[in-house]
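As structure tokens, here come the structures.
Shared chain: chain A. Partners: chain B in the first complex, chain C in the second.
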Partner chain A sequence: MKKVFNKKDMEYLISLFLSIVVALIIGGFIMMANGSSPFEGYRALIRGAFGSQYSLANTFGRTVPLILTGLAAAISFRSGIYNIGGEGQLYLGAFAAAYVGITFTSLPGPVGILLAIIAGAVVGGMYAFIPALLKVRYKIDEVITTIMLNTVAILLTDYLVNYPFAASQGKMGGTDMVEGSYRLTRLVPLSTFNTSIFMMSFIALTIYYIMQKTSAGYKFKMVGQNSSFANYGGIDAKKQMIIAMIISGGLCGIAGVFEVLGTHYRFLQNISPEYAFDGLLIALIVKSNPIGVVFMAIFFAALKTGSITMENTTSIPSELVLVIQSIIILFIAGEAGFKGMFKNFLMKRKLQQKVGEE
Partner chain B sequence: MLGQVFNLSLLQNTIRTATPLILAGLGGLLTMHAGMLNIGMEGMILLGAFFGVVGSYFFASSFMGVVLAVVVGIIIGVIYGFFVIELKSDEFIIGIAINIFAGGLTIFLLRSIFGVKGAFSSPGIVSLPRISIPLLDQIPVLNTIFNNHSVFVYISWVLVVLTYIFLYKTPYGMWIRAAGEYPEALETVGVRAKRMKYISSIACGVFCGFAGAHLSLGYLTLFTENMSANRGFIALAAIIFGASNPIKTFAAALLFGFFDALGIRLQVVGIPSQFTQMIPYLMTVVILFIVAKKHMMQKKKVQKEEGAIQ
Partner chain C sequence: MGQDMIELKGVTKQFPGVLANDAIDLSIEEGEIHAIVGENGAGKSTLMKILYGLQQPDKGEIFFRGKAVKISNPSVAINMGIGMVHQHFMLLPSFTVAENIVLGIEPRKRSIFMDYKKAVEITQDLVRTYGLKVEPQLKVRDVSVGIQQRIEILKALHKGADILILDEPTAVLTPQETEELFVVIRKLVKELNKTVIIITHKLQEVMALSHRVSVMRQGKLIGTLETKDASEQIIAEMMVGREVLLEPLEKTTVEGKTILEVNHLKSRDNRGLLALRGVNLHVKEGEILGIAGVEGNGQSELVEALTGLREIESGEVMVFSKNLAGKSPREIRESGIAHVPEDRLITGLSKDATITENMMMGLHDQEPYAKKGIHTNKQTIRQRVETLIKKFDVRTPSQDVLVENLSGGNMQKIVIAREFAFDTPILIISQPTRGVDIGAIEFIHQQIVEKRNEGCAILLISAELDELFRLSDRIITVYEGELTGTFNNGEISKKEIGLYMTGKRKLSKEGGA
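Presenting the complex of A and B:
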């Protein structure tokens, strides 16, 4: 029988667990410094995330964009190219979906939905293609270009929904509502939990299959780990990077589509509370493991929805979770180094004991 | 209409908007020379801007604002150094973590210290002093462009020269460059490469602290969420454009500052603000593209010439 976890995985899981615990403890101290009880704070947070059917629904509703953006980041990281531009790709994808939803209004529901998803994926993918091409052809650092293009996309959509595509009634920084039959059904009343979770699951499973089980996924991994070695093995590293980037951008675009069709029913400026950056953190924390992305996305979603209840019942600002999240990533990034220090320390003790015995 | 855009105010604004880019650029090029690409400058600037306001507000002194911004810069510089140098963590991940940490912490503290969301401004925040240069006010054009700026404008120019001298004329500068390029060689002459990397990382924190304080205390005295607005990344582009040379990075920062100022001027003539705000970000990508393309063409030319000789 194949072992589920090898030693390295086990060590990582322990580090992850410790990182989360330490980050939560630091978060507790911050609550205390803020004059609140950490126990009450965390109790409110857990209640807000899992306490009722409504809060559970909101938590799982929020996992949809997080899993998509998390997988998007994971795919790009695995291929050795850093897509930090997910936020811009998400905005453009969301706008594309809204455009479909207000322009082509006479299609049957499922066709309209499919068209919106494809439009969002294509727009997001094309927008990611620009920095990918600049990276591969001209060796321009993709971190800088994707960050710059984020701002450009957010401002561009901001212009579009305030001028040419502004809602016909009221000035609200959004488009008109999309065609009724294109709106995704809510699964729990009042919550934002909707059928996009099924479509997202289908997309995520497909991506998982490609990444883990096919030769294409193997190629991505090879390129990410050692591009010159991959080249030697007959894999075109440049092509792989571009493909990975387009898929990554497409997934972020789809995340935007679901926000429009499932949550808001229209494009709004500031439609995303930095979902793509959360996705980035998620992918970094789980080291681009697709299954890890799902679990970490649920954890992040729970923190976010829980923090709103925490803010309402105690006086702790919900932004505390941002601090907790970044502390987790700091520890995970230092994982190997900490482990090395810890092992060194154990070795020294052992040596000292031996010297003492002799 | 052109006169409303291309006038002395444009150049005056350029001087102002370029300053945080110059300061962060100088800090970032020090870490670049020591072999570290510091993505975390964005967060360092943001923290500097926030703690500048905190210091200025609670001590009623802009000097204390700068002190606090610098202290926080040093702390983040040490943390960045500890993770990247000591623990050998991925510098990209640490940089991103610092940026997210800074974004979250400043929004959190904005609410828990000042009780506001979005932005904090108050007459209690003391702005940095403006400097008026005595003889300059006699010369009409130059006076408008160069005189009566906030103090960090002039400090940043002095720092450009000092950083240049430090890097290329002092042993420390040589060691920092060696720490990036030949760390083993450096160790053999008895200088610890690690220490040089720490120095550059802490200096970067200090410079970004200056940049942040200039943003929040230089002209307008206020802090807004994400007020650094990706300037840390534009500074990074300036460093790449300037090939990590202080003088060239200074020139690049002025150019990026110019586009920022151009955006501000274009708003005056009624172009939608979304487009005017876009200019510095779009131009950063365009300039990086032009530089890279030129670089590649030169390389091809050299290869061709070499081929012709053979």
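Presenting the complex of A and C:
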């Protein structure tokens, strides 16, 4: 069957493309204002992101948490419940993995890894279940509760790794290293790029399948678009929201697990440079489309790794990429408004022409 | 009739995607009742908004008593003597009638305080002058819709209106209230030399009331006729742009046993007030039971309670001798009730989804449309949707079109197609043709009757009495959450039924129903 893009999708893709181009151009002007050549800046950025095996490994390594948190945000947004608590779920998931890795040390490697992943997913999912329940039972705004629960989770793990689970040597704000056989194999020397990319791909495919090809995905979408319609059609909207939230939390938890097993080999306070918030932005930009999440995550990861090289080789600060990201968001958020203005303008022109012809 | 009071020349208004008014030429004569008719989206309301200063035309001129004017906002219109009564009233429910009437130009004491006594006097003066009876001291929330409309009219007259624009004034009125309104309008025109522009889509009213009628279609003014030279048929054809065939709807089935029976049903509305006070009714196989009532008398709550969308306080909903009270919408659907809801955009559809996605609701986890209830089987779904689009004449280039891009009539056909195709023994249909054009109305009516003829038990709720009288085998009336009467269609006139709808008459206890 042929894939048909409807008009709205097409319009969206065009405006996304334009947003990115304009954001990059504005970024270029900022580089010029900074006294640097935008061409050199962007060349350094691209080289830093894709220029060598090492930089490619870094870029794709970074996509692992971004795709997971991006999909987590996408599935919750699509179901009409807004999980802004991904960061907290990620921290708890990461801690759960570290706990498994330092407590149950005698399991065979694959079993230990699987157990850590399950533990992370369950902890993350349960942590998302709390605000979901508050939302459907008592109509407490999940945006507020999830944001607040982030702080709770981050401070709780701070405490845990500084006191009861502090590393046995030195005060470093982290746990002990996880059992050696649970550590994920690194694929490129010097980089942290590891086998979690395969597991992530499997998970992402599963989520894609659920969201796009199953009755469950249909239910999520209908609940998110119009929950009255869903209820009327026999879908239990509240139940779907809770399920979506648990899946979302689970995905963030797994993102945390991979940071522990693949990157740091231990839980660290500040383990995530706000991956879950990047995930939210990614999902927002691509309007919760799972394939879009993958591409946008790669773009975000490239900007981030590239910016470090850019900062080192030119005098442009790496924060520039934040500006670029924000401008894209701004344009996408304003899409409806811009589109309306543009359409109106065209319409007026057409009308005037018509009038002129008379 | 006098000379031209208002003249529009070449008025054009463009909205993104639609030309709402396309070079409209229209003249309104002093002292006439001028009806403006057209289907939804024909541009009637936009034109009136331009006249009242709520919208600015892109092009064209407006002349008032021969002078070119620019109506840049409603206060300019009011100063010229143009008053408008909107379809949805603009009244403050917690204020009294007098306060509402003087709102905006309140009489004052010491230039700060409102002079309430004076406001009441003003109101009483208005009542005397125009013969529109209202009680100045009552709160607006305590008066009926008909009275609220009078208040709106008085408000406009108080501001010095010589031309009154009435937007769909009878949409919310009972037959009696409509009659009273017409008396008032005629009096205003004949005795007080006012000019009235009435927007409507009910052709009988046009014929009964107006001197001249202007017909609009797709943003164009098709023509203006002297009403005495026109007929409903001619006007309908001008509105639709083709011949309208009203085929007779024959009953070709005999009624069978009762399959839906509701006993002592009680339920509360969103504010927690008792909206259904012990409703009893039954529907037989091959029967259409119509429910007549002024909107807001429990019809919506009844439908929601029967379909599992509203909590039931007490009572039974028996379907094939199984009590469905308190069951989920899903269980109720599976027990054999399909439902066309009153508001397609709130409940009946997701406008952001495609036609396919809207039509697969309810089948999304059923074999063969979902393999093992999980894997969506696009092919079978698309085949089904294709068949339904053809059968129900949904006008769309493809089934991947988003529903928001369709007309009201086509949206409604999607809801009806989906629900009818479940082939349930019971159908609950609420406002099947609200905001739907004439051609589609005719089609939908035929589909409903066909369903009945197949032996379906149909509960039909409609605010349009004409519709109920055309389709129902039996009609029951509701007033304030109680049944006030039950009649075989043909036993009772529209006028008479209005008395039951407003609780002025009641059958002792609904025996058989």
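Quick note on the criterion: the second predicted complex is superposed on the first by the 355 of 358 C-alpha atoms of A that agree within 3 Å, B and C clash if a C-alpha of one lies under 4 Å from a C-alpha of the other, contacts with A are read in each partner's own complex, and residues count from 1 in each chain.
Keep in mind that, in the parts below, a residue touches a chain if its C-beta (ideal position, glycine included) is under 8 Å from a C-beta of that chain, and two chains touch if they have at least 3 such contacts.
Remember, it's a predicted structure, so these values are computed and weren't measured experimentally.
**Q** Look at where chain B and chain C land on chain A after superposing the complexes, then choose clash or fit.
**A** fit
**Q** Determine how wide the angle is at the CA centre of chain A between the CA centres of chain C and chain B, giving a multiple of 10 degrees.
**A** Rounded to the nearest ten degrees, it is 70.
**Q** With both complexes overlaid on chain A, does A:N226 touch chain B (first), chain C (second), both or neither?
**A** It touches chain C, and chain B stays clear.
**Q** Touching A:N34, do we find chain B (first), chain C (second), both, or neither?
**A** In the superposed model, A:N34 contacts chain B only, not chain C.
**Q** Chain A residues in contact: does chain B have more, or chain C?
**A** The partner with more contacted residues on chain A is B.
**Q** Looking at the overlay, does A:L280 come into contact with chain B only (first), chain C only (second), both, or neither?
**A** first
**Q** Which partner chains sit in contact with A:K8 here, chain B, chain C, both or neither? Use first/second/both/neither.
**A** The second partner, chain C, only.
**Q** Name the contact category of A:T214: first (chain B only), second (chain C only), both, or neither.
**A** In the superposed model, A:T214 contacts chain C only, not chain B.
**Q** For the combined overlay, can you note the least CA distance between chain B and chain C, rounded to whole Å?
**A** Minimum C-alpha separation, chain B to chain C, in the superposed model is 6 Å.
**Q** Using the superposition on chain A as set up above, list the residues of chain A that contact both chain B and chain C.
**A** Shared contact residues on chain A (touching chain B in one complex, chain C in the other): 340.
**Q** Can you check the complex and tell me which residues of chain C touch chain A?
**A** 12, 14, 16-17, 58-59, 307, 309, 328-330, 333-334, 339, 341, 346-354, 357, 360-362, 364-365, 370, 373-376, 378-379, 382, 398, 400-402, 405
**Q** Report the residues of chain A in contact with chain B in the complex, numbered from low to high.
**A** 30, 34, 82, 84, 134, 138-141, 143-145, 147-149, 151-152, 155-156, 158-159, 162-163, 277, 280-281, 284, 317, 319-323, 325-327, 329-330, 333-334, 336-338, 340-341
**Q** For chain A, which residues count as touching chain C in their complex?
**A** 1, 4, 6-8, 213-219, 221-222, 225-226, 228-236, 340, 343-344, 347-348, 351, 355
**Q** Mind listing the chain B positions that touch chain A in their complex?
**A** 39, 83, 86-90, 92-94, 96-98, 100-101, 103-105, 107-108, 111-112, 229-230, 233-234, 236-237, 240, 272, 274-275, 277-278, 281-282, 284-285, 288-289, 292-293, 296
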